[in-house]
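Next come two complexes built around chain A: one with chain B, the other with chain C.
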Partner chain A sequence: MRRLLKSRGARKFTRNRLAMAALGIIAVYFLTALWVLLGGISMEATRQRVAPKQVPGFLETRTLEERVAFAMHYIDEVDQAVRLASRRDQDAYEILADKALAERRAAKMSTDEYNELLDEAFAVLEDELEGVEDLSHHPELEPRVERLEEIAAALYPVPQGWEGVKYRLRTFLGSDAAGQSISVRAVYSVKVAFQIGLITSVISVIIGSLLGAAAAFFGGWIDHVITWIFSTLSSIPYLVLLSVLIVVFFGTIFDNPERPFLSLVPVYVAFCSTFWIGPCRVIRGETMKIKELEYVQAATAIGFSRLYILVRHVIPNTAHLMFINFSLLFIGAIKSEVILSFLGLGVKGQPSWGIMIRDAKDEVITYFFWQIGAATVLMFVLVLAFNILTDALQDAFDPRHVD
Partner chain B sequence: MSLLEVRHLVKHFPVRGGVLNRVVGHVHAVNDVSFDVRKGETLGIVGESGCGKSTLGKMLIRLIEPTSGTITYEGQDITALSHSQMMPLRRTMQIIFQDPYSSLNPRLTVRSLLKEAIAFHRIVARNEMDDYITELIRRVGLRADAADKFPHEFSGGQRQRIGIARALATKPEFIVADEPVSALDVSIQAQVLNLLMDLKDEFGLTLVFISHDLKVIQHFCDRVMVMYLGHAVETLPCLELDEQVRHPYSKALLGANPIDDPDQRRPLTILQGDVPSPFHMPAGCPFIGRCPDVIDRCRAEMPPIVEREPGHRVACWVANEDVAEPAAPAKSLG
Partner chain C sequence: MWSFILRRLLYNIPVYLGIILLVMVLLRVRNPVYAYLGKNADAKQIEEFEKSFGLKDPFIVQYGRFLWNGIQLDFGESWKYKGTTVREKLLGAIPPSLSITVPALVLTSLLSITVGLLSAFNRGRLLDRLLVIAAVLGMSISFLVYIIFGQFFGAALPRNVFGEDWPLAIVGYGDWYRLSSVDIFGLTIPVPDAMTWVKFCLLPVLISVVVAMGYDTRFYRAVMVEECNRDYIITARAKGATKSKIMFVHMLKNAMIPIITRIMTTLPFLITGSILLEMYFNIPGMGRTLITAITDMDYPMIQGFTAVIALLYILSIILTDVLYALVDPRVRLS
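Take a look at the complex of A and B:
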């Protein structure tokens, strides 16, 4: 490791500004994933209703109609609670206390105070707004809409301070069809992506490297068997293989959305069983080269066992290829997860970018792009950063790329 | 007394080809080579690229398994030994490689690569390890602070010294030096050769010194064996090289060496043609395609090795015309 950090390649790598920026972005993602994993965003938070359904994010100017609908969502909640309370002879606030939308909770008032505000709201709605053909042609009505929003805010105040910041963060990318926060789900998916990416790429690189190195170093029937396995596996279309492997797990303990970690196991198995081929091929080739080098012969002349030579003298000298492959597979795993989840075969019981894109299918037709946008932009930035990193690693460590 | 006796050593590398990856032929790297190495002497093996001298050297310490023939080291046939039986002998037989850049693992410091060998053969006790390594490094002419550096921090000559230190680390008796100076600058060559000479005397080593440079061999060795296309064509003491050399190939090699006296001239033979492919060996003498003295018999029959005088053996029909056919192969191959 020390030698690796001091090497020419490492210096070349650290001088590459783009690569350092990519590394920074990946670090931010990684810390986010860690934060989510340590409980920064609970699973409940991803399912909670934070707003009415399909509320657009911060960038979009809403039409007057949409603003009315948004305000009326809160006013209707209070109205229903007040009616229910009068039937049950109860205090309206007791019913409203359970109906929080994210950090927005109903203001504590007496039933009379509620009624006063509700009366005003319905007066505005019925007398001035109802019956108007197209609100967008009547900009003079905007003050009335604003009054409606004020009433909604009075009934359901946006909290002050930290709670308010949290509320804005949760809603700034809008909500999906179930009223769940898109921003919370998209950020939570960073954890899922890292979980899948890290676990599958680490396992695949370890398996692939060991098998590839062993195949090339020992040769003979070991090489034949390993080469046969990976050429057979790689001749099967990759998505078909993944789907079949996942279908095998249907109905088992791993097919339970209530246990999100276990339900990812089929995905890990499917990815690892195909992803190891890449590093295996590359490391096999490199080992073939290294095993003919004189320092390996010198080790043989000293009398070391073949296994010791492989572990101590051959495999450490393929480390740079392992880094490059790790980075490549990480992207591969994230992209494949999205494809599988889109097909309904991947992640279960928790949000992921693939799930979000799948859910966004119906919204896109109605010009609602916030969900698919959030998922793809977050994924795009991460994949781009990893691509730049991989290129830089290759430039720095691959002897064929040396200028 | 012979430390090493090599008899009829052959190495054929199979060549695979075709769709089914069948063996379609063999490269004849080493063909029926026999020689002895006496304790304490330095035997030079000279020949052009591809003549099998490195293969031969590596077979001597079993880095390459011979196809047939025997190698007897101190009375023990090492070609028959298993990996574990070979272990104690591995300590006593070491090798110095040609390329100082690929012969050192780039990820190990000098200390760790020496330590590895020393600890494996338990050469010294653990608490004496550091002193022993320091002494080794000093002995091969490097500064003590070299121990904790990585190979890429050294020059070619320094790296070759590290390679020598590694070979010496296990206190061997026999070392194969496989073109140890060919990759170095001429000025460095002399330094490394002198170092090897000093170490040979100091540790009482027996050396097989492989080179394509007859000048270096003449300077360094007691006896020289000339190889051509896998065959040992002439063996003689280095002191007699200038006067006694008989084989036309040896003469050509010798003639290619400049003499450091402008008044003296050697007859210069420039060889025509190319080395035949070791994949398609010619019938008869392997040298016929390039030999200036070729006669009909050379094309038909492989010339036998004839011991002209004690210690001078030549395989050539023309050169041996003046001596009688050998009655029986000599028992000890000097």
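Take a look at the complex of A and C:
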């Protein structure tokens, strides 16, 4: 490891500014993931309703129709509560207290005060706005729409201060079809991506490089068995193998969306059993070369045991390939998660970029791009950073590599 | 040469047996009976079922029987679609897959070889840099996002603007092929006619080309850059050959080996089809049939399909090796 850090390749790598920027971005993502893991965003927060469904980002309601619909959502909420209260002979505020949209809570008023505001709102709506064909051709009606918005804000005041900042953060990328915050879900997904990416790529690289080095170094039947195993696994189409491996877990305790941490186990198992092949192949090839080199012969001549030579001299000299493969597999894991989640075999019970993109597929046709946009941009930046990192690592340590 | 081919064939037999073993073992980790009959099946039903499918026999007997029937291309009957044999399903699923993957492969290869060549020849210049950056950016976006936006800009949006006359459909439907059929081996296989192909297949093909371009261009560029530094290019230049002649005659010819290998290794995926595209656009090809069989736990289908796909895969690998050995005699010796 120390030898690797002092090598010429490492110097070439650290001089690559683009690669350093990519490392910085990855570090930011990693810290975000850590923050989420330590409770920065709870699972409940990703499920909480923060706004009416499919509100665009920045609460941006451009046309007058959209502004009316947005205001009416809050007014209707209060209207329903008041009706329910009169039937149950209850205070309307008690019902409304349960209907909070994250930090945005209903104002505390008596039922009469609610009714007063509601009457005015419906009067505005019915007398002046309803029946107008196309509101965008009637800019003179804008003050009336503004009045409606004022009533909505009086019923459901936008919180001030720290609460207000939190509310704006939660709503600034809009809401999905269930009224959940897109920004919260997209950031929470950073954790899920790192969870899947780190666990599977670290395990796969370790298994793959140990097996690959052992296969090439010891040769004979060990080599035959290991080659046989990875030839077999790689002759089945990758997605088919993943699906079969995950379906095996159906109906067990690992198939329960209520326990999101356990339900990721099939994904880990499936990824690890396919991902180790890449590093295994590469490191097997490299070890074939290394074992003929002078320093290995010298170590053998001195009388070190085979295992010692493998662990001390051969494996450390493949470390650069491990890093390259780690980076490649991380990308692979994040991308495969999206595809598996689309097929319904991936992440369950918690948001992930895959889940968000899958949910967004019907929204796109209706011109709602906030959910797919948020997930794609966050994922794109991370994958791009890893792609740049991989290229830089390859340039620095393995320059003769093709593809 | 023949001994080389024979060696490759013999070497791959244990691999093939391993694939069948792996799939059969994985499918038997959980009792297949419950997958088929549901959790509330009574004991008599279960017994009858196990007997009729031979699930009571020791595993090795089942394994042997599957291999023996497989050699005769008999994979049994689908559990989900009763009365349909796996073979019929298999043959029916091949044309939809091929009608997407073959045009996609041809287009992708032609485009990305040309772009790779251009990029390598202008190495270090603006065009090359832009292409390299575009390839990396393109590789960083998820396949699914390409599909969703491809569908939006290729079908949903133009349909809204130009009306229903727009030739591309939003999704492919189950009856996407008009039955102009071809007889192969005594079996009638439906093939899409040109208009239906454009309607349901063109969009998936274009999406798949765009997705593959990033990876392929980078690969071909790397290959061409490698060739650029060879002595024969310098000689050709010194002799005064024109730039385009060097590019398309000298370089392309010599870069053919890695190009052929790359294309050969993608051949098995022609049959498998692009699983994601088929799932998304409802195309009843191999990939979609297999993935739905997996989620439906239709065991004979899964076994039959993987057996055939793996066979094709291994055969194409052997073919690649043989072609390679033909072109480069040094390979045969190692």
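Throughout what follows, the second predicted complex is superposed on the first by the 396 of 403 C-alpha atoms of A that agree within 3 Å, B and C clash if a C-alpha of one lies under 4 Å from a C-alpha of the other, contacts with A are read in each partner's own complex, and residues count from 1 in each chain.
By our rule, a contact is a pair of C-beta atoms (placed from the backbone, for glycine too) under 8 Å apart; a residue touches a chain by one contact, two chains touch by 3 or more.
These numbers were taken from a predicted model, which means no experiment stands behind them.
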item: Which superposed partner A:Y295 touches (first chain B, second chain C, both, neither); value: first
item: Contacts of A:L31 with chain B and chain C, given as first, second, both or neither; value: neither
item: First, second, both or neither for A:G303, with chain B first and chain C second; value: first
item: Contacts of A:V158 with chain B and chain C, given as first, second, both or neither; value: neither
item: Dominant contact partner of chain A by residue count, chain C or chain B; value: C
item: Contacts of A:H313 with chain B and chain C, given as first, second, both or neither; value: first
item: Of chain B, residues touching chain A in the complex; value: 58, 61, 63, 83, 86-87, 90-91, 93-95, 97-99, 102-107, 116-117, 120-121, 150, 152, 163, 166, 170
item: Partner chain B, residues of chain A touching it in the complex; value: 3, 6-7, 293-295, 297-305, 312-313, 316-317
item: Contact footprint of chain C on chain A as seen in their complex; value: 228-229, 231-233, 235-237, 239-240, 243-245, 247-248, 250-251, 335, 338-339, 342-345, 353-354, 357-358, 360-361, 364-365, 372, 376, 379-380, 383-384, 387-388, 391, 402-403
item: Chain C to chain A touching residues, read off their complex; value: 12, 14-16, 18-19, 22-23, 26-27, 29-30, 34, 136-137, 139-145, 148-149, 151-152, 156, 170, 218-219, 222-223, 226, 258, 268-269, 272, 275-276, 279-280, 287, 290-291, 294-295, 297, 302, 306, 309-310, 313-314, 317
